[in-house]
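You will see chain A twice below: alongside chain B first, and alongside chain C after that.
Let's turn to the complex of A and B:
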């Protein structure tokens, strides 16, 4: 089967664009795991909340939804801090299964809380650049895809600067590498937990904004499938590794896009598990994972 | 007093059995109450299955995969071959166990997080398979009919159905009790606490974990089949996260790792759930269940069955002599 370069590029860009949302989710999961050594299974609901928060701001103000990233991120950041402080902190360090069960309680709470507030019908949002297309020779690239890819790259660059160039980032990385030693050097590790969770939630919220802006519909229960994909990426890239999440997310997005193109749309969601299971059978700690968990 | 308590806890199973036997008469001909009670029994079976897997240290977030596979297999076999649903329910369980072994083979090497992620994913992948590649057999999103467990021409069919399910539940409880108090239970405890040490004492963790997976999947499959033969219909919704999470909610609320926990949890939450339905709440019911689960995990990690003990502790701490 011969594929012309234009189609190939199209698949690639589709994959990059789809990958962005998963990368933001997976990076959040890994950031939280790195610092707290816990996995938030309710991470998908934060994506959903991000989409609804953006939608609410948009309905109220009518501002360009891309600019509403600036409003959604702080809301989800505070929300994440609250979740860590009120729910995860009390069970941290007890049995790992407790943290998983807690996440389930959070999923029930947020999904149905959202249904109470916003209703359970599908919602969607229209991007102001919906019909703008950039012609790149062989194929046409919707402007929205380009903005989403650039916005994700921008946020990841910002995160990288935060983690590598600031005292806060240093403290966060220290906590993630050795909690006890970090505590001994005067770092308030519990504050690091809260902030790591907050940043992870903010990234998921940003992913929610991008999800909504890109014209995909959302309802209160939409979070679980993207979350499972994020977990597949986390497994692919290694639990706790942020570069792993980015590489894994890119690879995954392109694989999904290629599978949709060749096998048909029904396989779009199932492909994540084929990837997941294949990786787990070959390497139970993930492709780039160093730490066995 | 302490002696009396010990005697009371020994006679509790018999009291529970007596209550189970008289419930249909207490329902006083209300089909709603009897059906709710029958479904609660099915969910106790399902929760015990989940709890058995958890006893081996494996927490599954996707048990709906087995619940649903058992249901589909039983419904399809019963429809195509005209076999009695009571028999096909067990065939459904066998089918779920076969898939359970396959899934278990990828899962036994995984620790908590990865296991949870993979099982969570498996339920969704099976749902995807059911609605697209296998839609010709499964009926896609529309689902497929399942013959009733007890034909409505049988006199007192809802009663007969209730007692049949109760009998299956008693069988499951006796089986699990036998296993968990014997060698298997000890091996599970050893694996749960420290897998390396368990291996050093000559226990093969992979074998035991796979066994737990297979048996848990089988029992969950039987429960799924019993459920859909009551409703006479099965749709792919059965693989949804709701069905995966219910046994977890029930087991955690009642008390993880005990046989009584799932019974207490399922009954308590079912009563709460139906009560909230009576108040006309829909989404708020789930919000309340979610909050309750969080509160229980944080403040009562051993579940409702540890409540009497905890209350005694609190009373003791307030300066009163413990009874």
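Let's turn to the complex of A and C:
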């Protein structure tokens, strides 16, 4: 079947957009895992909370929801810090199952808490740019998606600078690479845990804002599917690898979009997991995972 | 190697925990029953999960009906007075949740009847428990015809009080042929007999597949000049339809017919008009006729069409209009919003359950099932064929009079509201093609 270039560009573009949401989510998961060696299964609920926090600010103030990223990110950062301090730290270092079931418990806590605060009806946000379209010859591109892609790129660039060009980033990476050595060299690794969790939560919150502003509906139970995909991306890209999360997220987004177009919407989730299984069989540590000595 | 092994261990733990997550661990929610002369009706509703908007509507409407009956002195059963007591069974919008809720209501709460049930996938999953226990069940939300037609279990105690996918799939297809096809052909200078290009976008579930089958069968049986140009399925709960809609757009349809739930239809239509530029007439299944649908769509719902039997914003003229107004006002004053369609049939379901027990003269289940089989309750807030709610047909399905509404965006009031455009006896306004509409195929002749 011949595909006209405009349609092909559109399919790639929708994949790129979906990939942005996945990247932000998966990068957060990886950052937390990299530093704490903990997998937070409640990470998808942080995306949901990000969407609701943005929505609440928007309803209260009417401010452009993109600008509300500046409010949502700090709220989720603080929320992430609180989760780490109050929930994860007491069980950190005990059996891995404790951490896993703690995070599963948090899912239900956050979902029911959100339903209690905001109700269980779905909600949606309207972007102030929803009627602005950029004509790119082959197809028309809604401005919102361009902003979403640029905002994601900006946040990832900021994260990269933070991790590679600051003393804090150096300490965070040192903790990630060798926790004991980092501790012996005077780094407060518990503070690193707290901040890594906070930054991971902030990235999930930002993903929630972009999810909401792109015209997707959200409700208290919407976090589980994106979270499962984020974990799949993390495994695909390699546990603890941020470049792996970025590449994996983009790959997932485009693979889903292409599968929907060629095989049908029912294949959207399946095709990505088929790829995941194939990668795990060929390279069990993922694309960018550490091979070990 | 050590780090590698750790990594693998964690990968497996992630996969195991994912399976645990998938299994769903939340306990069902229900209100314990009390002893006494009360008829216990279990209401199966999605109080949590993605379908909770509809579930709450069903539960609140059931409460309204029960309170009305009790305020009138309850029901008389074998010379004794009985009140209605509702027991809530939250199916959590999942098959597993439905099984837990129904099991608990039957075995722990010992309900006399069941009413409700939304989502054919969810109801199909807990039907076998109902069949095993022989509890009369008036299904008021799930619309797959298999609910009362499946042969793998005994369905004789299940009564279907909402149109099936066969009913509304057929009606909607006939409407497309009788109204939209001539309008498109006339406006774009096409030959009168030119077939209409229809894209069906269906939820990959018994509900969605049922609609798709009904459309195909109606076209084949009536030899309608409608060409299905796309059959696109998607997973239940999906909210990102951009790629799928791009695929549909490439088939250049004249009309798109999604068989979707409210939380899917709203983003789908919004993304079609806003992002993908699929400027066509979108149809909708009746379960979307809810205040949240109009609120969620806003201007993107303009000129779309919805099949209905009870609307929050349109009252078909006729014998039931006064009672519909009364019900809407009562619901609004009590809950602060308009009721939806699933609430309407559940409201009636409670009345029908009460009438069946009165007719049987006992709450004994076998007797109530017999009474339901032959009952004829005058229509209440939904227009019914023959003016009565009756299950006197081989598959125990009540028959509603269905109609089509076209939605109009009022820029001044910033509201999206419907008017009835079909059939002729209920029509308020004519169906109109909007200025932005683009037909699926360019006329080359």
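Some notes on this structure:
One rule holds for everything that comes next: the second predicted complex is superposed on the first by the 290 of 293 C-alpha atoms of A that agree within 3 Å, B and C clash if a C-alpha of one lies under 4 Å from a C-alpha of the other, contacts with A are read in each partner's own complex, and residues count from 1 in each chain.
What we mean here is this: a residue touches a chain if its C-beta (ideal position, glycine included) is under 8 Å from a C-beta of that chain, and two chains touch if they have at least 3 such contacts.
A quick note: this is a predicted structure, and the numbers were derived from the prediction, not measured.
After superposition onto chain A, partners chain B and chain C are found to clash with each other.
Of the two partner chains placed around the shared chain by superposition, chain B and chain C are both touched by A:96. After overlaying the two complexes on the shared chain, residue contacts for A:116 are found with chain B alone; chain C is out of touch. Contacts of A:17 after superposition on the shared chain: chain C is touched, whereas chain B is not.
Judged by the touch definition given at the top, the superposed model places A:250 against neither chain B nor chain C. Ranking chain B and chain C by residues of chain A touched puts C first.
Of the two partner chains, chain C is the only one that A:140 touches; chain B does not reach it.
Looking at the shared chain after the overlay, A:225 reaches both chain B and chain C.
When both complexes are overlaid on chain A, the residue A:124 reaches chain C alone and has no touch with chain B.
Contacts of A:273 after superposition on the shared chain: chain B is touched, whereas chain C is not.
Of the two partner chains placed around the shared chain by superposition, chain C is the only one that A:7 touches, whereas chain B remains out of contact. Of all the stretches 4-12, 22-30, 94-102 or 112-120 given for chain B, the clashing one with respect to chain C is 112-120. Overlap of the chain B and chain C interfaces on chain A comprises residues 33, 39, 41, 96-97, 100-101, 104, 107-108, 115, 120, 224-225, 228, 231, 235, 239, 266, 269, 280, 284, 292-293. Across the complex, chain A is touched by residues 54, 59, 61, 106, 109-114, 116-118, 120-122, 124-125, 128-129, 131-133, 241, 245, 248-249, 252, 256, 283-287, 289-294, 297-298, 301 of chain B. Against chain C, the residues of chain A that register as touching in their complex are 3-4, 7, 10-11, 14-15, 17-18, 33, 37, 39, 41, 96-97, 100-101, 104, 107-108, 115, 120-122, 124, 126, 130-131, 140, 142, 145, 215-217, 219, 221-222, 224-225, 228, 231, 235, 239-240, 256-258, 260-261, 264-266, 268-269, 280, 284-285, 289-293.
Of all residues in chain A, those touching chain B in their complex are 33, 39, 41, 87, 90-91, 94-98, 100-102, 104-113, 115-116, 120, 224-225, 228, 231-232, 234-235, 239, 266-267, 269-270, 272-273, 276-277, 280-281, 284, 292-293. The part of chain C that touches chain A in the complex is made up of residues 1-11, 13-14, 17-18, 20-21, 25-26, 47-50, 52-53, 56, 93, 201, 204, 232-235, 237-244, 246-247, 249-250, 262-263, 266-267, 270-271, 274-277, 292, 296, 298.
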